[in-house]
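Below, chain A partners chain B and then partners chain C, in two separate complexes.
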Partner chain A sequence: MAKSNKPIVWGLFAAGGTITAFLLPVVVLLTLFAALGMTPDLFTYEYLHAFAANWLGKLVIFGVIFLSLWHAAHRLRITMHDFGLRQDLWIATTVYVLAALGTIMTFFYLLRI
Partner chain B sequence: MSERQIQLEVLRYNPETDSEPRLQTYSVPCLNEWVVLDALNYVKDNLDTTLSYRWSCHMAVCGSCGMMINGEPKLACKAFIREYADQIRVEPLANFPIERDLVTAVEDFIAKLASVKPYLIPKEDKPIEAGEFKQTPTELKKYKQYTLCINCMLCYAACPQYGLVPEFLGPAAIALAHRYNQDSRDGGRDQRQEVIASHEGVWECSFVGACSEVCPKHVDPAGALQQVKIASTIDWYKEHLMPWVKK
Partner chain C sequence: MGEEMSSKPYIREISKTNWFYGQPRYMRYMAREVTCIFIFAYTFLLIWALRALANGPEAYQAFLAALNSPLGILFNLAVLVGVVYHSISWFSLTPQAMPLQRGEEFVPGNLIIGAHYGGWAVVSLIVLFLGV
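What follows is the complex of A and B.
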């Protein structure tokens, strides 16, 4: 029996899962505050733009988006399987290509800021 | 002692005469403190001697009385009648071939257990004169929980992945491998990894978690599998990205 290569995608899935588990509630909370008209000064466009313009900020944003995308892709793949869709090769290819595309786009969009 | 008349619906199958399984209902006067196994024993002793099922200890340690009770994998000796309505359905463990009535074929499961080398493989040979392999309570605690498995196969009956992919090594076998891998006296992890880090090994698991829910001994096989995934992932990165690092 050969060892599986699944750790590549699973490693990203696990890391992304940890990050989204921490950040998603924060995003929900902030959106709620924004909806109620309570936006702290730190979250104005100028501040966030400055954050995204800094290379460290870029790195953080890239890490979060990249890992979340791969987490979502793998989660979708497993969910499809649980729903009874068994064309795993096709599904896996589709979701991972989408995640890769998103990763590349994130990279270039961040570079442009 | 209160008594209740229970309609016990039991799946019957005799490979010599039946082309397919059928349900047979027995009316059983059950005492309040009975478990489903007591009701089956009542049937066997008083109503129908042809009924076949496995049991031995009647105290949730031998692991032989696993069956589906109202569709859920349970130990018949741990499923109290008082927790059920007046009609109870008893079937052989799901995901396993039926041998006869409630008896399932266990060969596949046993072969899988054996395939993970579930025994201590010491790091180095030590002559007897050199004394015993010592272990601290902390080291024992790392794997103790995984030694509690009684091989009842409830986790396999609960696992949808095993139902879909019979080659999947499954919860108990991987948890057992993990038990030895976590043992400070053991050095056989590399050998076990060849089996459990394969595609049919831990990577067939999609973390449904049903195994840990049905486990009567709180082994938490799902937890063991996730730990194995993390360790195997670290291995993979080490092997492929840092081949110069010795494990």
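What follows is the complex of A and C.
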């Protein structure tokens, strides 16, 4: 029987869509405060460093970033098709490589914290 | 004559690039899909913040200073609109994505959507409470 990678692709997409739906609006609101010059506690150096310094914090940050990237990359691939760009091989390669690069960068930056 | 007309396939020209334009249903679909661009871009802002965090307090202060600019405000405002639209459209699809059955009956869609909105409010309040 032919094996399909659809369940994994879709599962990660759905997990990313769910975690971003619950978490991102409030986190973006906090970075908007920071952009306005009213940096909230979470985005001060001490707080964020303390959060990212323990393995649980690292795991949370890594999970959120990895799933957000995967979700966005997969949906962007579909969206490009919907906008009439039909070079799926190139588009898929580009978006997944960007997501993979972001994930690898996240991994190494977290290791250095 | 009638025979000839019915055997003719019904073909309309549909644009590959703006097929959704002017159709509210398709416009909502595209708006929903386009939110991924905001999520993608914002994730790289978070990665930039992590890099600065790894490089030490001075690098992180430089990141905050760069963020504290008209462009930073505009970017975060645009992303905020995008991610809120993503949340609303994502939660509104949950009854179709994971229908719940209790006995013979399906749990009403509004109840499933409402539960997600409740969860969203709780998560947001916890992050605000801990993070502000």
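The criterion applied here is as follows: the second predicted complex is superposed on the first by the 96 of 113 C-alpha atoms of A that agree within 3 Å, B and C clash if a C-alpha of one lies under 4 Å from a C-alpha of the other, contacts with A are read in each partner's own complex, and residues count from 1 in each chain.
The rule we apply is simple: contacts are C-beta pairs under 8 Å (C-beta built on N, C-alpha and C of every residue); 3 or more make two chains touch, one makes a residue touch a chain.
This structure is a prediction, so every number in the text was calculated from the model and none was measured.
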Quick check for you: in the superposed arrangement, does A:36 touch first (chain B), second (chain C), both or neither? second
Which partner chains sit in contact with A:104 here, chain B, chain C, both or neither? Use first/second/both/neither. neither
Look at A:50 in the shared chain and tell me whether it touches chain B only, chain C only, both, or neither; answer first, second, both or neither. neither
Which partner does A:83 contact after superposing on A: first (chain B), second (chain C), both, neither? second
One more residue to check, A:4. First (chain B), second (chain C), both or neither? first
Go through the superposed model and pick first if A:59 touches only chain B, second if only chain C, both, or neither. neither
For A:14, select first, second, both or neither according to whether it touches chain B, chain C, the two together, or no partner. both
According to the contact criterion defined above, which of chain B and chain C contacts more residues of chain A? C
On chain A, what residues does chain B touch that chain C touches as well? 14, 78, 82
Chain A partner contacts - residues on chain C that touch it in the complex: 15-17, 20, 30, 33-34, 36-37, 39-40, 42-47, 49-51, 53-54, 57, 60-61, 64, 67-69, 72-73, 75-77, 79-80, 83-84, 86-87, 90-91, 97, 116, 119-120, 123-124, 127-128, 130-132
Okay, in this complex, where on chain B does chain A touch? 160, 193-195, 197-201, 203, 206, 208, 229-230, 232-233, 235-237
Sites on chain A touched by chain B in the complex: 1-8, 10-11, 14, 78, 81-82
How about chain A: which of its residues touch chain C in the complex? 14, 17-18, 20-37, 39-43, 45, 47-49, 52, 61, 65, 68-69, 71-73, 75-76, 78-79, 82-84, 86, 98, 102, 105-106, 109-110, 112-113
